[in-house]
Amino acid sequence: MSISQRPGLTVTALDRLLGFAMAATVIAVGLGFCWILGAIVAQGLGQISLAFLLAEPSNAGREGGIAPMLVSTLLILGVCLAIALPLGLGTALLLAEFTITDQRLGRLVRRSLDFLAGVPSIVFGLFGNAFFSQVLGLGFSILSGGLTLACMVLPLLIRTTEEGLRAVPPSYRQGAAALGLSQTTTLFKIILPAAVPGLIAGLVLGMGRALAETAALIFTSGYVDRFPRSLMDSGRALSIHIFDLSMNIPGGDARAAASALVLLTLLLLLNLLAGALAQRWANSS
Amino acid sequence: MKKISTIRQYSLGTVAFLMLGLTACAKPPQAANSEGIKLQGNIVLTGSSTVAPLAIEMGKRFEEQHPQVRVDVQTGGSSRGLADTRNGSADIGMVSRSLKPEEGDLTAHAIARDGIAIILHSENPVAELSPEQVVDIYQGQLTQWSDVAGGPTSPITVVNKAEGRSTLDVFLKHFDLKNSEIQAQVIIGDNEQGIKTVTGNPNAIGYVSIGAAEHSIGRGEPLKMLPLDGVSPSTTTLQDGTFPLARTLNLVTQGASEPTAQAFLQFAQSPQVQDLIEQQNFVPIESAPLAPSTP
Amino acid sequence: MTTMMSAATTCTQPLLEAKHLQLSYGQQVAFHDVSLPIASGEIMAIVGPSGCGKSSFLSCLNRMSDLVPHCHVQGEIHFNGTNILSPRTDTLLLRRRIGMIFQKPNPFPLSVWENLALPLREHGLVKSQTSRRAFRQAIHQAIEAVLRDVGLWEEVKNRLHSSALALSGGQQQRLCIARALILQPEVLLLDEPCSALDPLASAVVEELMLRLRPRYTQVVITHNLAQAKRIADRIAVFWVQQHKGQLIEVGSTQQIFNAPTHELTAAYVSGGKG
Amino acid sequence: MQTFEMSQLSSLRRAHRRDRILRHSLRLLGSITGLLVLLITLFVLQEAWPALQNLGFIRFWTDGSWHPLEGSFGLMPMVLGSGLIALGATAIATPLGLLSALFCQCYGPPLLVVPYRRLLELLAGIPSVVYGFWGLVVLVPQINRLHPPGQSLLAGTLILSLMILPTVALLAIASLAQIPSSYWQGAAALSLSRWTTLTRIILPSARSGLFTAVVLATGRALGETMAVLMVCGNVVQVPSSVFDPVRSLTANIALEMAYATGDHRAVLFVSGLVLLAIVAGLVVMAEGISNQGMSSESVIVHER
């Protein structure tokens, strides 16, 4: 009796340990986040006003607002997603759904992606400057910055999307194949709608990464703190503004914190929006 | 500027803009400004991140006077400014140091001066260091504050600048040091990183731009500047030339500039921007001594 | 091209015939040297212990085996006289003509209506009409007909536009059969269609298979010998020998149960009897 | 039935054409990704070439110190620095991320899971400069009190682990979501303990996805620049304890690129190249390990 109970007891202890570790992790990560967020809020909240959101900066960002940066950030993100989403979705489909016909290409692409994920952002920045800005002649521009960012978020976007696609039960694919449905129909009518949670996860991670990026943008979308008139204009992203204020402008800390707060709010809104849109799409199809 | 790619730029820009449902507005043809000088076009400045905020403010004021002109300021470091000026992708480079002899193909236009001060945490009771002591500390021969008159019993944290930075060059030259001799505990990039490192560490010693340090002290941060050769560092002593540790901020060009860039260079060296220079914690060039500051 | 003369060819030539078929996954042979003719209109039951290659065999018949990585098929399968293993075979068309039902019901995460309309539209089985409304009407007619065929119409006619995943297991399986039938196939392959269902639902599906018998040729895998006895015209017995699946005996239901020639078959069916 | 034939035939043709277009365009898109890697590598190689040509490859490993302006180019301490920081961060972030994912996907009460997930997503979107700033102003002084100077391997590791945590956690959640619910039910039916369920059933079957998560996160840790630059102290040395300052290869580029000209600049690109080589090595290694996993998985499939 006592012998047979002994392993049971250790397992219960392990279970309790697991529960404890999980709770501790959640609390620790939560606290860490609150600590960081608290520091940002404490410093930055007082600076935020409608004028801050709507005005142009002056005195190197110590006064005025961040409106041009907001516009530039959204435009850069827009370009980035416009390029990265189709490219990422397509590649993820290739990796997840064409495993038999395109095995070799798939392996090559997957290897490339893991490699790409480890390329430091500053190298992306220098590369973007050399390739998009100079070889393609885009100069310092929102387009060039968005393209560079697109290259950067691709690995995250693709691997997450791929995981999402793999999470779709194989029985759907079998069912569709047994009905003689074309791959196109199978993918667009059945697989993709079912993969929406994974796609959102990828999108959210990608947007976060794109909004947070600094080093890759300094050399591509640039430093100009005016309203951009077109995608060919240089525009300063919020993350660069934050970097400049906190590292380069004496007395810019509070404004940097306020800008960071705005950036986080923006990200939260975009994440909620993406979730809602995707849910609606999934329901409608 | 960059006529070759203008058409491509606009067409590409337009296509991309349509994609996002916005409209690109083409620039209206030239118009004479109030002074009768037809200045128009883009001026691109790239280079030092120290100069960039000042250049942006100058650019804004210049644009107010010449509505047909756009001044785009990009950063990326002094070396980028030199390279871009040489290869033509920038009209003007920004460099936070004097030009080296091998850079004689470029013309420097000094716009402001910046001093370098040794800083300590304000809790540190040490009030002055002799040049020899500074050298010993940076060479790792003095490692405890207690070795210095009035110092607390704690190890010294030496904060140095990263290789290639112009503040490092000026500092090394002044104290006749080689970078490989320096035994640092922390190596930093920008001024603000140095200030934050020292304000967060009561045992640290570092050196940063005087303007930045003055600004931080003014905002009540726990920081103090040490006098050098008996002269306390401030924008005033820098301005009257008594403070020895200083560098020049330059705009550089190659060959003859276009009229617009030429006008901007003149503007940046004129008294019209003096308040902007002071606002960014630098010292205007006219009143500063022209002779090199270091022996 | 379609099922016009299915009943007529029974005695002359089998509708579907495997010849010396072998399938391997990488190095491992799932079954080998299987030759099995299937006549038009009959129900052929495939029985045997687990791992004897029954499902692998079935998946060759509509080339679903193509979807499995490292899967290699040798031999020939003749369908209406042509070898469907030839690379020139149009698998989309083939799978429309040879439908398949799986062990676990697998309706798409769409509405009942969309589950049926999607394959219908995909294969252009509804004549293009003058108006969208007439087109929709035609689809509706086809859906209603096929749902009546599987006895599901009365149960789902009021929830055609709600999710198919909300149906019960038996209803889902009948929907899957309806989805296969709506493409007007000639052959239905059923891979243990009742094993995931409760006895009542299972009986309904079984009855449905019998009702479809004259119109469709059916090949069904089952572990339930009693069920095989109830529905099959002929029975094929698979067995594992030397780690390879093999067809050891094929014959009429009566012969297999009453006078098996192979000793393993005898043992198997007697076990099934007990 | 005969009347349907024309429309059926054209549908079939359309379907095949659509599939062909799809297949080719997906191949094209996939190839672009591969091409991108090629372009980036070529670019770095081209920029680093002058240094490799003038100095050779060996000197970067044999030179004792890093003083590029005084002709000494030892990269070894920085390779070690990058490796240690990334390794440490991965070692901390992997269990935390995994536990977070388990909490979100399996055990946490829904009332907490949703906000926690949002929090992770936000954590992923905080600019690295904000992390670095916080690390410099808050974390470093704390460590300094423990053991000066504060800017240290430890500070960098802690900050980085916080930064890559969301990547691990969110990707792990995605791969845990793939586990068929029947596995959970089966385990529950056998009344297996949580511990056994996880270690014997759930984690092994989610292995490939979890592995991807860790590899991507390690890559991110290796590539992170700004935060590392601000909290690590950037002294080029082989650290003797976690409290010693170190410099990573990325910080090296970011610190010196702005003022580097000529050979100095090329040498910095060599450090970029070395970083890429490390990442490539990591990728190949990871692939080897996950391939082993794959082959054992496929054996199971065959036996079924």
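When the chains are written out, they are named A, B, C and D in that same order, and each has its own residue count from 1.
Here is the rule we go by: contacts are C-beta pairs under 8 Å (C-beta built on N, C-alpha and C of every residue); 3 or more make two chains touch, one makes a residue touch a chain.
A quick note: this is a predicted structure, and the numbers were derived from the prediction, not measured.
Fewest steps needed to get from subunit B to subunit D, stepping only to touching chains, is 1.
Centroids built from CA atoms put subunit C at 78 Å from subunit B.
Inter-chain centre distance (subunit C to subunit D, centres taken as mean C-alpha positions): 47 Å.
Put simply, the C-alpha centre of subunit A and that of subunit D have 14 angstrom between them.
Put simply, the C-alpha centre of subunit A and that of subunit B have 33 angstrom between them. Shared interface positions of subunit C, i.e. residues touching 2 or more other chains, are given as 69, 92-93, 122-123. Each of the following residues of subunit B touches two or more other chains: 49, 76, 189, 193. Looking at subunit D, one finds that residues 15-16, 133, 137, 254, 257 touch two or more other chains. All chain pairs that count as touching, in label order, are A-B, A-C, A-D, B-D, C-D. Residues 48-49, 76-80, 82-83, 154-155, 157, 162-166, 178-180, 184-189, 193, 196-197, 200-201, 203-204 of subunit B touch subunit D in their complex. Interface residues of subunit B facing subunit A in the complex, by the touch rule stated above, are 2, 4-5, 8-10, 12-14, 16-17, 19-20, 24-25, 44, 49-50, 52-54, 56-57, 60, 72-76, 89, 189-193, 195, 211-213, 215-216, 219, 279-281.
Residues 99-100, 103, 169, 171-182, 185, 189-190, 193-194 of subunit A touch subunit C in their complex. Per the touch definition, subunit D reaches subunit B in the complex via residues 65-70, 72, 133, 136-137, 140-141, 144, 148-151, 229-230, 233-236, 245, 247, 254-261, 264-265. Per the touch definition, subunit A reaches subunit B in the complex via residues 58-61, 75, 78-79, 82, 134, 137-141, 143, 218-219, 222-225, 229-234, 244, 246-252.
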